[in-house]
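Take a look at the structures below.
There are two complexes below, and they share chain A, which is joined by chain B in the first and by chain C in the second.
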Partner chain A sequence: MTAVDETTTDPAAGSPVNTARAHSHGAGVVPDASRAERVTSFDVADFAVPTGREEEWKFSPLRELAPLFEAAPAGSAAVEVSGPDAVVHRTGTLQEVGAGTAFTPGDRAAVTGWAATAQAHLVSVPAEAELDAPVLVAVRGTAGTTTSGHLVVEAGHHARALVVISHTGSGAHRGGVEVRVGDGADLTVVTLQEWDADAVHVGQHDVLVGRDARVRHIAVSLGGKAVRLSTNVRYAGPGGDAQALGVYFSDAGQHLEHRLFVDHEATNCKSYVEYKGALQGDGAHAVWIGDVLIRAAAEGTETYELNRNLVLTDGARADSVPNLEIETGEIVGAGHASATGRFDDEQLFYLQARGITPDEARRLVVRGFFASIVERIGVPEISERLMTTIETELAATDLAGTSSTEEN
Partner chain B sequence: MTDTVSDTTQELAGPPELEGLGKYRYGWADSDTAGSSARRGLSEEVVRDISAKKSEPGWMLQLRLKALKLFARKPMPNWGSDLTGIDFDNIKYFVRSTEKQATSWDELPADIKNTYDRLGIPEAEKQRLIAGVAAQYESEVVYHQIREDLEEKGVIFVDTDTGLREHEELFKEYFGTVIPVGDNKFASLNTAVWSGGSFIYVPPGVHVDIPLQAYFRINTENMGQFERTLIIADEGSYVHYVEGCTAPIYQSDSLHSAVVEIVVKKNARVRYTTIQNWSNNVYNLVTKRATAAEGATMEWIDGNIGSKVTMKYPAVYLMGEHAKGETLSIAMAGEGQHQDAGAKMVHAAPHTASSIVSKSIARGGGRTSYRGLIQVLEGAHHSASTVRCDALLVDTISRSDTYPYNDIREDDVVMGHEATVSKVSDDQLFYLMSRGMAEDEAMAMIVRGFIEPVARELPMEYALELNRLIELQMEGAVG
Partner chain C sequence: MPTLEIRDLHVTVDEADGGTKEILRGVDLTIGSGEVHAVMGPNGSGKSTLAYSIAGHPKYTVTGGSITLDGEDVLAMSVDERARAGLFLAMQYPVEVPGVTVSNFLRTAKTAIDGEAPKLRTWVKDVKQAMDDLKMDPTFAERNVNEHFSGGEKKRHEILQMELLKPKFAVLDETDSGLDVDALKIVSEGVNRSLASTGPGVLLITHYTRILRYIKPQFVHVFVDGRVAEQGGPELADSLEETGYDRFLTRA
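And then the complex of A and B:
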């Protein structure tokens, strides 16, 4: 067989995570039969420090992320929480805020982050409360420090709320976010990665969707040297509806990685994943992994995943892997799509034919590309600020972009 | 079947019309004197012995020994299928079934001839449906024939052992250049113990208008078949190579691990069609790769119907401007089968194009996986690639996966991947049945319609064979 993935790990040298499953016949390791077999654990010892050969780390810049793999105690990032009066905010140890019921670390950085978290936060929206303003959670890192944090977002049954988590500042940060959506609730969680250019961030967001609940998880990654965000969605009961949306803009030398895993175990649930990204500059790297597993019991599932990359200049690299595992035929539908390309010359031509300058046309096309997701954030100020940031980033490529347009 | 049981089993196993899909028609075994005396296990001695039996030049023996070392060192893949069932010590690495290669079917031992008669190979040759035939039985090619006019034009179509013996310079120039000896564990294994396969050279400008065909048969239990195929299509030429394979059903497993290297030179075109129908006790772990030079076209048409486990991802390395790669793939997995198939396209030059269409059907608890890689290297501007995967599930216990890797390192490209997974809908069945069709006919028609985009690219007799296979399952359901 042709090795599609040539980063096979020598079992004799100690397979990093799944040593427990190494087969005794000496004929090698039994590959995970499905995405569900990936190890999750609260014990640091269950996750070796990644070497880069592992399937789940092979795209990541391990040198940048190295401080986040250390099990040593770390400080807490500065966190500020504000929101309507109805919302309960508590801080305390992981136990005190009731963390860990809907969250299990899934990789080395998540487990060391969990182990090192001294102060966790709980944001709780009471049952049936309908918030008229967003809850804002501001996480700020400090240069030269390694920090960890854990946030529990809880929406009681039939509550309706919008929670915005922003990440700014510098340093190395590990953040666990645990989202529990009560039955019939309607929750939107927006996570903004607007780090300074030298920050590194590994985050794991676990979302548990209650019966007939609706949740939107929106990730926006613009800043940071290296950001790797894993979002896992599970369903606690039938009828749940989850959307995971994302926007990213990767600049020269910047690594932005988003890993999604939607685990359909309950019946009649829906999931929709859509991530859109743009890349520009030398060494700009975007990674998108979208895993969807439909277990045998999850009849009536409807799922779709979409990733689109807009590569604006040479030297950028986009990896896009939409994986789909389906164990039952009794589903409404399942599909995924991934597309990577450059500006659509016809769109640019059309706009220019209407008297719009090339620069302006490019701006409009990019705006349109991201609009479908940005508009769904629900906070006009944030949407507008993001569009402005994206346009500022875009302005930096105008020289390179214009010349390549004129080549055609 | 008792009433109480049948309800639940039927629900679990899905539409009874598809029950017959797993019925294997090629499961008989011939008497097996050569196979029973062959030794098991792999060692340097075995490799030296194979090389000596073939009176090979020294460089080939050295290459084999190097490959053997690499095989021992390379890890088993930690992805894809569960391969822990392979017992490398229990496999027979070389089985010689007959001393002399025949050029007429009548020269073959009765048993072997009988097998090929039942497979319908001599008949197809008689009818001139194919331009040349190679029939490999166990480790070696037992029958070989090519149309005289092609031979006159300089087309070489021989088994790979003969290729090495009679065309050593040409052979040495290309052997192992597309798939290096240490490419992966099974490519190393194949290089160490290879035997048989086809060696094809098509001179510049020559079009071989009718397909060349190879037929691979495993007869011995615990057999390892390691054929090695090398195809060189010189500038502006065209050739279509078709291979088929079957094996008897045994209690324990056999291994088929082939390496296929194809060099498609400037403006040439090669089409390689596989109808893989191994019995359900064969591990089919094959490395297939082609390089396409400027303006060249490489097409893989890959049908995976049989085997216990198949891991096969035919690749095209698009090395020259305007090169084109295409893969059409069908996989069917029944009970106990895992078809982990796909394709790999590497865009290494500007203005290259690739397309992958994959269709899979899982039933009776089987598993089909599409695994693919699209890589657009820096500098391969104006490249375009499309991937389309569709899976059809016909019951609730089967499984279908899609693992597409897309790695784009160039801005000026268009790459699209799309996949859908659907089940045979009640609406479709109802519609057809309301037009007077029986349920099994309706189901067959839906399945045929689903695979049609691939089936129509097959040579006529193979398309018919594929359709017959689907008809057959329906018949089985009525009885």
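And then the complex of A and C:
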């Protein structure tokens, strides 16, 4: 059975007032070249410094990211790892930690980051281990420095684990994350971008999903001047189930970019991508690229991807580009949706008609918007902290006049 | 006695083509607390417009007349101020609010209306009791507001709010529509409980007389073409049941 569903509008955000001034790309435009042909390589020479004309860089603030394109040696970010005793943590060169079996740099920043990484980390969860507490990997950047890092997260077969990578501090950081999920394992990787306001960060996360394994990758980008995170999912065998979820809140002058690529080659695998973002303030920019490729061999694939943007003020811009390439008809289902809208005035009216103030009503709506993803992080303290950060960001800008419900 | 007074109310909406259209054309209504006023009228006569205008929906522009609550100028109040002043609107089409649970919503609304958070223990009990009375499954508390609710469930949820928020005046916009007989009884009982306990004034907007068998109005207003065309007692509703709105329409 084949079901191809291309939805580009969303009833909750589809009214004319909701789409006003918010920029959004339409239906999934399949690029001329297949996504499969994009270069990946460990050799810096294979990637020129981007000029901004390249398809994959055209949305990015190259001036901010420039330090991350330099091939010069760089320091390592401060990394602290903690977790249950069963978890193995090793550091060493890329070779010493066995990096690169499920990760290949896919752009200039990723390859220069790889080349400059002197100290890499391995976090390994033994087969069949079921962790009762999360593994915490804290990456801290320092102002005025350019750093590189590579982290391998390995879950043995039938292991169950939650790994939270947090990014704080300042400076310019390139981070490679290589996630290897063993057969039948159940792994959640959360990456939190809670940088200081001046930090820049380009990251590449490659996730290899084992046979019948289940993996959840959750990206939360709130801080930083410019963050560009590429998450690539591949399947090592049939029956894998991958979810890539994300939330972001971009405020004035902040660029938050999330690029997803799910490459279906094995049979009977599932993928589900859902990213939700809010934007407010002048020059707030969010980019979401969702590429899904279903190769000819990937029969029985089921995939859905979704991006929603809530544009809270004028002067913010959301680019949302879903691409779906399907090379076989023998799939269970494939679809995508992308919607960019403003606050739903009817929702705000309903809440206010129950005595709730406009500020509180907006807070409830934004909280509700993000809740479905933030609550899936699995660490209540982290979910609560992120919600508080989101509410603080929301309160930081005077939203008066952005919604017609304000009048009277 | 608290009174909601609507005087010569004129309301317009902005049309898609940029023009404006007058929908309410001089409405007069006075509702005392504890009174039930049925407003009956054909489709498109402006009943919901009246309801939304009382609640302060931004889509409707008041171009003339007044609404006062115990002499206070309602039109000068924002939407939330009106609710805190004691006005309540049970909507014809309640709105879904994704990600906001019913229990969080109810607690937030109660806190806003009372100006302080309700005592946790009694509140939880009150909510449970009210849901039980309206035959709402307890799991509704953890569902998102109106999301995937059936038409009837949405209406129960509106009356649940009326019972818990205890307004001075409630406008019920076609609360009976989409309800089967059993649900109609359950919802009507909820309104009657409110009338018995806190005695709000009720403006009951409806199309059909069937809800009036369960909620007894003292006053019936026939609403045609943006104004009250005739008023009387409960017997007016009965005559409408027989003759319909035709005699008002042909005269208009």
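The criterion applied here is as follows: the second predicted complex is superposed on the first by the 365 of 408 C-alpha atoms of A that agree within 3 Å, B and C clash if a C-alpha of one lies under 4 Å from a C-alpha of the other, contacts with A are read in each partner's own complex, and residues count from 1 in each chain.
The rule is short, and it goes like this: contacts are C-beta pairs under 8 Å (C-beta built on N, C-alpha and C of every residue); 3 or more make two chains touch, one makes a residue touch a chain.
Just so it is clear, the model here is predicted, and its values are computed rather than measured.
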First (chain B), second (chain C), both or neither touched by A:254: neither
First (chain B), second (chain C), both or neither touched by A:315: first
Contacts of A:55 with chain B and chain C, given as first, second, both or neither: first
Partner with the higher number of touched chain A residues, chain C or chain B: B
Touching partner for A:326 - first (chain B), second (chain C), both, neither: first
Contacts of A:350 with chain B and chain C, given as first, second, both or neither: second
Partner chain(s) touched by A:337 [first = chain B, second = chain C, both, neither]: first
Partner chain in contact with A:296 - chain B first, chain C second, else both or neither: first
On chain A, positions contacted by chain B and by chain C: 12, 404
Touching residues (chain side chain C, partner chain A) in the complex: 55-58, 76-80, 82-84, 88-89, 91, 94-100, 104-105, 108-109, 112-113, 144-145, 161, 165
Contact set on chain B toward chain A in their complex: 14, 74-88, 183-184, 186, 285-289, 311-315, 342, 344, 371-373, 378, 391, 393-423
Residues of chain A that touch chain C when the two form their complex: 12, 344-347, 349-358, 360-361, 364-365, 367-372, 404-408
For the chain A and chain B complex, residues of the former touching the latter: 1-6, 8-12, 15, 23, 25, 27-31, 33-34, 55, 296, 299, 309, 311-331, 333-342, 404
